[in-house]
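Presented sequentially are two complexes of chain A, the first with chain B as partner and the second with chain C.
Right after this comes the complex of A and B.
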């Protein structure tokens, strides 16, 4: 048993090294991807402009700056792009190679995502720093909530991964799974808090929006980072995140198992 | 480029037949793509309607702002619907016509198969810009048009004939600017091959066009009018329709587009001259 665990650890470490090298080799295209996710920074320009003459809801101008810079960075920390790779591999038959390897393709994808994170952060942190220097001010979370923030980031990443694998696995049956993901992305931009803090939605609608997985994957960690979620709201938010992670994790596992069984191993 | 001079179009005398030749060429290219798309009827749902949904759902943050502030820099609720309609039309045209053509052309450059495109007896740029087409996304254009009409009639805005004309002129200028920008991106991919992601950057940038021009800080407004002319494509046509744009501004915007077009054409000629076929 311990021998198997040791082997798995070695394989994992090898994949990590390869993925890191890949991420470094394609750093320009990685920078492009980081640039495509600058959406929160534009929202920042817009909302801080709108808040120039007075606060919008309970957000004043500096609050918007802190909120959207945090949103930009957290989106980088929790990013996943498995859906593009997985659906492509299923369609082209490249998944065969992955299935032959001595580790689960799911683990492979997860490690690949994790290995690129240091590069993504190295590219994104300076951008965040420059924006903060230009716009001024971010309330740093107190050390006590840092642990909660770390947990919340991990949960958000797992949630993104679960969603990506679930939608990517649909490629086993339909050819348009990436189109479905585009829909998810469209809803995500509006409902996650990337375009507008979800607490600003009209009362009634806001509660519904904040219970959805979109908010759990971005809005809640952001509110935690800028110190807007305190006390019971923290545990409530973390519990909601864990719930969505469990739901999408289970969905991903079921779809993956059934999909591999239905998989014919040829390109279409 | 010399191949174009030998084409059947220039053999016939005068400009008329040549224009006719290109119209027939473009029509043939579009018809081929349409026939292919008709084989995948599911695309109507996954590309057309979902694209429309995505474009329209982006109005939510604007409505949140109106909810809290009463109006966004002078734009009321229905005026924002008109703006979203303009954005939806433009984004539909982008994803239906320009984006697939850019992607296909970039693949040609990457693989070296651009040779076969350049060898054909017609202008290379026209061939590149019409080589792929996703007709289902035109559903978005129709949806956008419906939004514009709905916004104008529900907001009880008076649309004058001159306002309509100004809107059309600005819209056309915006479309030109979009194409010019696309050609510049294409030219950039001659130099750095891994630039497929650039069309995604363009798509992400387009989202800024959802917002009225007045919301942007002055520096960004200049950037989005003159360098990356997003506002020429969405905000200004909407304003023109609502009768708020002076003819001076319209002329200025048309001039911006024309300049970009000339720049794009020059960049294309330069790029093709420097193109070293990769296939042979």
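Right after this comes the complex of A and C.
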């Protein structure tokens, strides 16, 4: 058993090394990617303008700055892009290479994703710093329990990964799986808290939105980071995240297992 | 060959794909949105064969004949619709790590190495993933890089390599873990002649030294003829022939080509066989095998007879006959076993 764990650790390290080297080779396109995911910063400009004449709900101008900078960074920390890779590999037959290796293609994707995160963070942190300086030099309010935040970020990353793998696996059956992901992304922008803090939704609607996986993958960790989720809300939010992770993890596993059996190994 | 000793065993193997079907044009496209029609394509039908450890076997057949589909089922990439496959004692589609560590697949049209990294980084990655013992790895890497002459090449990013250099690196990556079964799908496609020869020679040598079973598909008849003592002809998803290239040649083009140069040629050579060429002092005939001694005897007796030669039909002709649809039927339903 420990022998298997040792091999898993060695493989993880090897994928990490090779992926990090690849990420460094792609550093320019990575920067472009970070820049194209600055949507929360656009929201920041909008909302801090609106809040200039007085708070919106319980968000004053500095609160918006903290919220959206946190949203921008957390999105970078928990990002996944497996859906593009996986659906491309399924359509082109490049998945063959991964399937022939004596290691799980899913593990490979997960580690590869994780390995690129430090580069993304290194690129994103200065941007976040500059925005904070320009918007008033505000430091984050009390980040709450760091352990809870770390756990929440890990769950958000896993949730994103599960969604990406689930939708990516649809490429085993349909050619338009990335178009389906665009639909998901559209909902995500509105419902995750990337465009507007979900607590500002009208009562009734807010409760529904905050129970969805979108909020679990972004809004909740952001609120945790800026100290807006405390006490029972922390436990509740983490439990909800774990629930969505389990749901999408199970869905991804089923779709992957069935997909591989339906795979036609296209291309020679 | 007993079943227990077989490295590859295939019984009643079938693969059906359902592909969406629609007519050309916008109207058909719109109709397909509402109701998609599927057509079942039988890519592989009822294949049956077994390969001994260390054999080199070539799959021959026209495009779309089912060669690559068969190869992918043997490698475990696609799941058979019916029948049984066993490779090195495993069911390939289970994709058990123990199985994957015993086989390797090289695809001429697909790169498996990471584009932006030097090949040596890819090799090192394989060392870990395939759990290759470091001492073993070092020895093997030295051996393979020396044989394929990629000592310098492997330190440059893969994207900067020529097609031939890249293919050599692909082969190193595929062989580092010492697979018992090597699947090669069009390994020399797009390569120049000298590179083709080099790769061919390498594969033969590797097989001789390590005893790995080699299964090859190639459009280049030359590759298959030079590398594989045993040929499986697959056409329309069925096994049409199983035997040596000579046996295949004789089955498709049974006549021997006899040529001679002489001061005077016989008046009526058609009695000896079919006249291919009669020009100046040169005569070329296609002769039935059992009549060859008699015809050779008669030709030798011609005045100033020289350059007498007996050949099998040229390979290209066999290939044309084999892949030309109407003539492919000449193989008949019975599978040849003339090995």
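The definition used in the following text is that the second predicted complex is superposed on the first by the 254 of 268 C-alpha atoms of A that agree within 3 Å, B and C clash if a C-alpha of one lies under 4 Å from a C-alpha of the other, contacts with A are read in each partner's own complex, and residues count from 1 in each chain.
The rule we apply is simple: a residue touches a chain if its C-beta (ideal position, glycine included) is under 8 Å from a C-beta of that chain, and two chains touch if they have at least 3 such contacts.
Just so it is clear, the model here is predicted, and its values are computed rather than measured.
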item	value
Contacts of A:39 with chain B and chain C, given as first, second, both or neither	first
Touched partner set for A:187, first chain B, second chain C, both or neither	first
Which superposed partner A:146 touches (first chain B, second chain C, both, neither)	neither
Chain B versus chain C as contact partner of A:263, first or second or both or neither	second
Set intersection of chain A contacts, chain C complex versus chain B complex	26
Partner chain A, residues of chain C touching it in the complex	17, 68, 72, 75-79, 93, 95, 97-98, 100-101, 103-105, 107-110, 112, 114, 116-117, 121-122, 124-125, 128-131, 157, 185-186
Contacting residues of chain A [partner chain C, same complex]	7, 10-11, 13-15, 17-18, 21-22, 25-26, 93-94, 96-97, 99-103, 260-261, 263-265, 267-268
Of all residues in chain B, those that touch chain A in their complex	42-43, 46-47, 50-51, 53-54, 57-58, 60-61, 64-65, 67-69, 72-73, 192, 194-195, 197-198, 200-201, 203-204, 207-208, 211, 215-217, 220
Chain A to chain B touching residues, read off their complex	26, 28-29, 32-33, 35-39, 42-43, 45-47, 49-50, 56-57, 176, 179-180, 182-183, 186-187, 189-190, 195-196, 200-202
